[in-house]
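Both complexes shown next keep subunit A, but they swap its partner, so subunit B is in the first and subunit C is in the second.
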Partner chain A sequence: MKGSSIRTEKISKRFGSFEALHDITISINKGEFFSLLGPSGCGKTTLLRIIAGFENPTAGELYLDDREILALPPNKRHINTVFQNYALFPHLSVFENVAFPLRLKKTGKRQIQTTVEEYLDLVKLTAETNKLPQQLSGGQKQRVAIARALINQPSVLLLDEPLSALDAKLRQHMLIELDAIHDKVGITFIYVTHDQQEAISVSDRVAVFNAGKIHQIGTPVEIYESPADGFVAIFIGETNFITGTVREMADNGYALIDTGPIGSLIVNADKKVSIGDTVKMTVRPEKINISAEDPQQLAAHVNVLRGSVEEIIYTGFQSKYFVNVADTLFRVFKQHINCRLNEKSISWKDRAFIWWSADDGYMVEVVHR
Partner chain B sequence: MNSKRGFSSVVFTLVVLFFYLPLVILILFSFNHSKTMSWGGLSFRWYEELFFHSRTLWNSVFNSVIVALSSGLISTIVGTLGAVGISWYDFRGKRMLQVAGFLPLILPEIIIGVSLLIFFAGIKLKLSLFTVFLAHTTFNIPFVLLMVTARLEEFDFSIVEAAYDLGAREIDALLRIIIPLAFPGILSGFLIAVTLSLEDFVITFFVAGPGASTLPLHVYSMIRFGVSPVINALSVVIIAATAVLALSAGNVFKYIVRK
Partner chain C sequence: MRRNAGPLYVAPLALWLCCFFIVPLGIIALYSFMSKGVYGGVVHRFSFGGYTALFNPLFLTVTLTTFLIAASSSVITVLLALPAAYFIARSARKNLWLFLVIIPFWTNFLIRIYAWIAILGNNGFLNSLLLATGITSHHLQFLYNKYAVLLVTVYTYLPFAILPLYSTIEKFDFSLLEAARDLGATVSQSIFRVLIPSIRGGITTAILFTFIPAFGSYAIPQILGGSDSLMLGNIIARELTVTRNWPLASSIAMVLTVVTTFGVVLFIRLNRFQTVTTAPEAFTAGGVDGDEQ
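Coming up: the complex of A and B.
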């Protein structure tokens, strides 16, 4: 791997009395595609600016390959940034924008020519070489910014919401290309986004932020399937929350939860709980089954509830059902694997049965008695 | 044609006449043989006198050009660096410095002139062309500062950060990013400075030493002994020169506006 590892040690940042970052400790591996995910204003850009060297933390340390680098200015860090607004030099052509770092290093003419061409090729921009930034589309600007940031062969590339200005289709496309570029150059990527879809689709690992604090660091599957708390669970995708108290510890690691009007539910005891504890659990909508008829012959440890369908949203590849069970609204997403017209359809105000396996429920928060 | 249109074109014609009739008369009388305001026949005698018998006048033209170019250049350099410093860096007293930089723009010239005179006397600097140069540089800097600051404020600071991020030192960012981007502002600042310096009378009047007369001072001293038709001829030459300059500079202005 050509990249470097990055480690932040208890980094905090205050702007006046406002604490933008609180005790951020992250360890990013060489060559990793690491995402910082969180809602707007949670401090992602601030952390990135500290890593790049544009901002000094109020407290904490920053290591690049085990070397403390907070004292180094931005131009000595071997870290390059793709800015949130691209920050292309408006008076320079695409070629000169990308060549800028090489010109600073007084690289030879022929060397500049071949290297710039190589990087323009990498980002598929060879046709726009002589255009000015204002003549480019959003996606093209972003590619120039990436080529320019990569040409110095940094050990870490910081990307601050590079796709946020693009439309949904182009974003998908650029995301795939970014991933391909990451595989090709093999350096460490730190990718900032507030779009959970983006973060979990390309990252090796993701750090979920809110209000200057880290809520969870993990692989996309970990943060999706076993969110550390309610914030992560809801931020990373739609979900259902059910709160109740532990009534009984069943055999082989299941707990029976008394949820009041909904009834007793069985759930995998992911966390240490004992009778009387209050538990908040989550079930992802796509893990819940729905049908108009009573499901027969279910395996053990399955929760079955009966409710009425309040609303149905058909989105093409799936339908979203909102099912009212004792005044709690459950979201249920059903994929249309077969042509929807062939299924016995469920319609509004119908009675419906929903069910999910105890293993698909997850305890996000526990308050011990 | 309706009457409203007719009325406005009458007003327009009157305004144009008001502006340009004096110029036309001036041009006409520069070819007048007589020394008085009565027509004495077509003649080039005032041009002859202007070009062949007006050493001191040409001396003052030369002084004016020297002062205009040098003070224009120095005030452009100082004003540009000042604008860059104030725009890109954060420091204590930044706001105050900014206000202090623009204040001379609204200060009456006579106050600037008197204060400079007192200042030069105080530091025992003998009045000469050099003090004129110093004075012009002083009152030109705020104009350059204004033009360049306005230009710099259009740009996002993140491009300077991007330059640092890509390995630039401050001097690289200044020479390769900031100056090229601000160049239209710098150029218009320079042109304004040169123009203001060429036409300044009040401040120059206070700080010019003996033998350091500029063109406006010289013309004024000539007029004190009655309007000499040589001045008419000189005016025509200046109008012609300005017209030629303006036409050839048209491209420069187009460049400034387009950028």
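Coming up: the complex of A and C.
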């Protein structure tokens, strides 16, 4: 691996009385595609700027391969950045923008020519070398910015919301290319985004931020399937929350919670709880089944509820049902694996059964009695 | 709305310029080719006299002096204005600083020049201060030389350099400096390779705004200058009012106009050319790259 590991040790950053980052400790592995995910203003960009060297933390340490680098200026860090607005030099051609780092190092003319061509080739931008940045499309500017950031062969590449200025289709396309580039150059990528889809589709691991704190660090699957708390659950995709009181503990790792009007539900006891505690549980909409008929012969540990369908949103590959169960609205996503026309359809105001396996429900918050 | 109404919009300005710029300039051009009247004025007889008189060493020396004073004051002004404009553009209190830059315009230009006599004169503020503090034991001669002219020219035209520089720097995307630093540039490299080339238009304007009026300067050398700082403007005035050689005064004025126009056009052309082609070569050769972080 050509990349380096990055470790932040209890990094905090204050701007006046505002605490942008609080005790951030993250360990990013060599060659990893690591995302910092969170809503805007959560501190993820501040952390990126600290790693790049544009900001100094109020407290904490920053290690690049076990070497403390906070004292180093940005140009001495072996870390390069792809900026949100691309920050291409408007007075320089595409070629000269990419050649900029090499010119600083006084690299030979021929060497510059071949290296710049190699990197423009990497980002698939060989035809536009003599154009000025303002003559390029958003996607092309993005490619120039990536080539320019990679040409110094940094050990870590920082990407600050690199796709936010592109339209949805192009974003998807660039994301796949970014992933391919990551595979090719093999260095560590730290990717800042507020878009959970982007983060979970390409990252090896994701750190979910909110209000200057880390809520969870994990693989995309861990973050999605087993969110550490309510914030992570709601930020990464849509979900349902149900609050109840623990009434009974089963020794096989399940708890029975009393949710009042909805009734009793079985849930994974993945957090330490005891009888009488108040818990908030979550279950993802696509994990819930829906049918007009009473589901017969279900396996053990399945929650079945009855409600009325309030709203249906048909999106082609799936339908989103909003089912009212005792005045709590459940989101249920049904994937149309079979032809929708051949199915007995559920329509508005129909009574319907919804059910999910206890293994698909997780506790996200616990208030101990 | 009428189509092609464009010319109508500029008609008032065109009329104004025609009456008060083109026609007078034409008169001066005509006069420069006429003969000198015995008691001043011109005699309507074609002559190259006004131009042949230019080929004397005194005139060439004055032209050189004028150019040197104008060029050096322009360069000094822009060098002083650059950091000031940068500071204002990045300051949270831009309006306050801009206000302070503009304040001198509230006082008459001539009065401000005379004020410098009060500061630099033999019994002026500066000499009194130096004597009172015992730094010097006798009066120092600050006035009536080219340094006084230079100083006050810079003082006078500083706002004309700060304002265009401010307006370009204010539009500059400062994240480009971070990008340069990120890509391995030192602080000075990021300034000379990214900031300066990006605000070249503003620098050009600032140089023109200071050089052109300084080149045609009259009042400042007249009031504060000495024999070493005789400028073309003073010669023109002398030929017009004292010697009363109007054709000569006109020919000097024509030379001034033609040289300035060509100079400006050439300067702008040169700058535009450099902006389009790749810039870094020009800077690596100049040795402006510092080695500090």
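One rule holds in what follows: the second predicted complex is superposed on the first by the 368 of 369 C-alpha atoms of A that agree within 3 Å, B and C clash if a C-alpha of one lies under 4 Å from a C-alpha of the other, contacts with A are read in each partner's own complex, and residues count from 1 in each chain.
Keep in mind that, in the parts below, a residue touches a chain if its C-beta (ideal position, glycine included) is under 8 Å from a C-beta of that chain, and two chains touch if they have at least 3 such contacts.
Just so you know, these numbers come straight off a predicted model, no measurement behind them.
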| item | value |
| --- | --- |
| Joint occupancy of subunit A by subunit B and subunit C, clash or fit | clash |
| First (subunit B), second (subunit C), both or neither touched by A:F83 | both |
| Partner chain(s) touched by A:A52 [first = subunit B, second = subunit C, both, neither] | both |
| Contacts of A:P101 with subunit B and subunit C, given as first, second, both or neither | both |
| Which of subunit B and subunit C A:P74 touches, first, second, both or neither | both |
| Partner chain(s) touched by A:F241 [first = subunit B, second = subunit C, both, neither] | neither |
| First (subunit B), second (subunit C), both or neither touched by A:S93 | second |
| Residues of subunit A contacting subunit B in one complex and subunit C in the other | 52-54, 73-75, 79-81, 83, 85, 87-91, 100-101, 103-105, 148-149, 152 |
| Interfacial residue positions of subunit C with respect to subunit A in the complex | 173, 175-176, 178-186, 189, 193-194, 197-198, 200, 275, 278-280, 284, 293 |
| Interface residues, subunit B side, partner subunit A - complex | 155-156, 158-159, 161-169, 172, 176-177, 180-181 |
| Contacting residues of subunit A [partner subunit C, same complex] | 52-54, 73-76, 79-81, 83, 85, 87-93, 95-96, 99-101, 103-106, 148-149, 152 |
| Subunit A to subunit B touching residues, read off their complex | 52-54, 73-75, 79-81, 83-85, 87-91, 100-101, 103-105, 148-149, 152 |
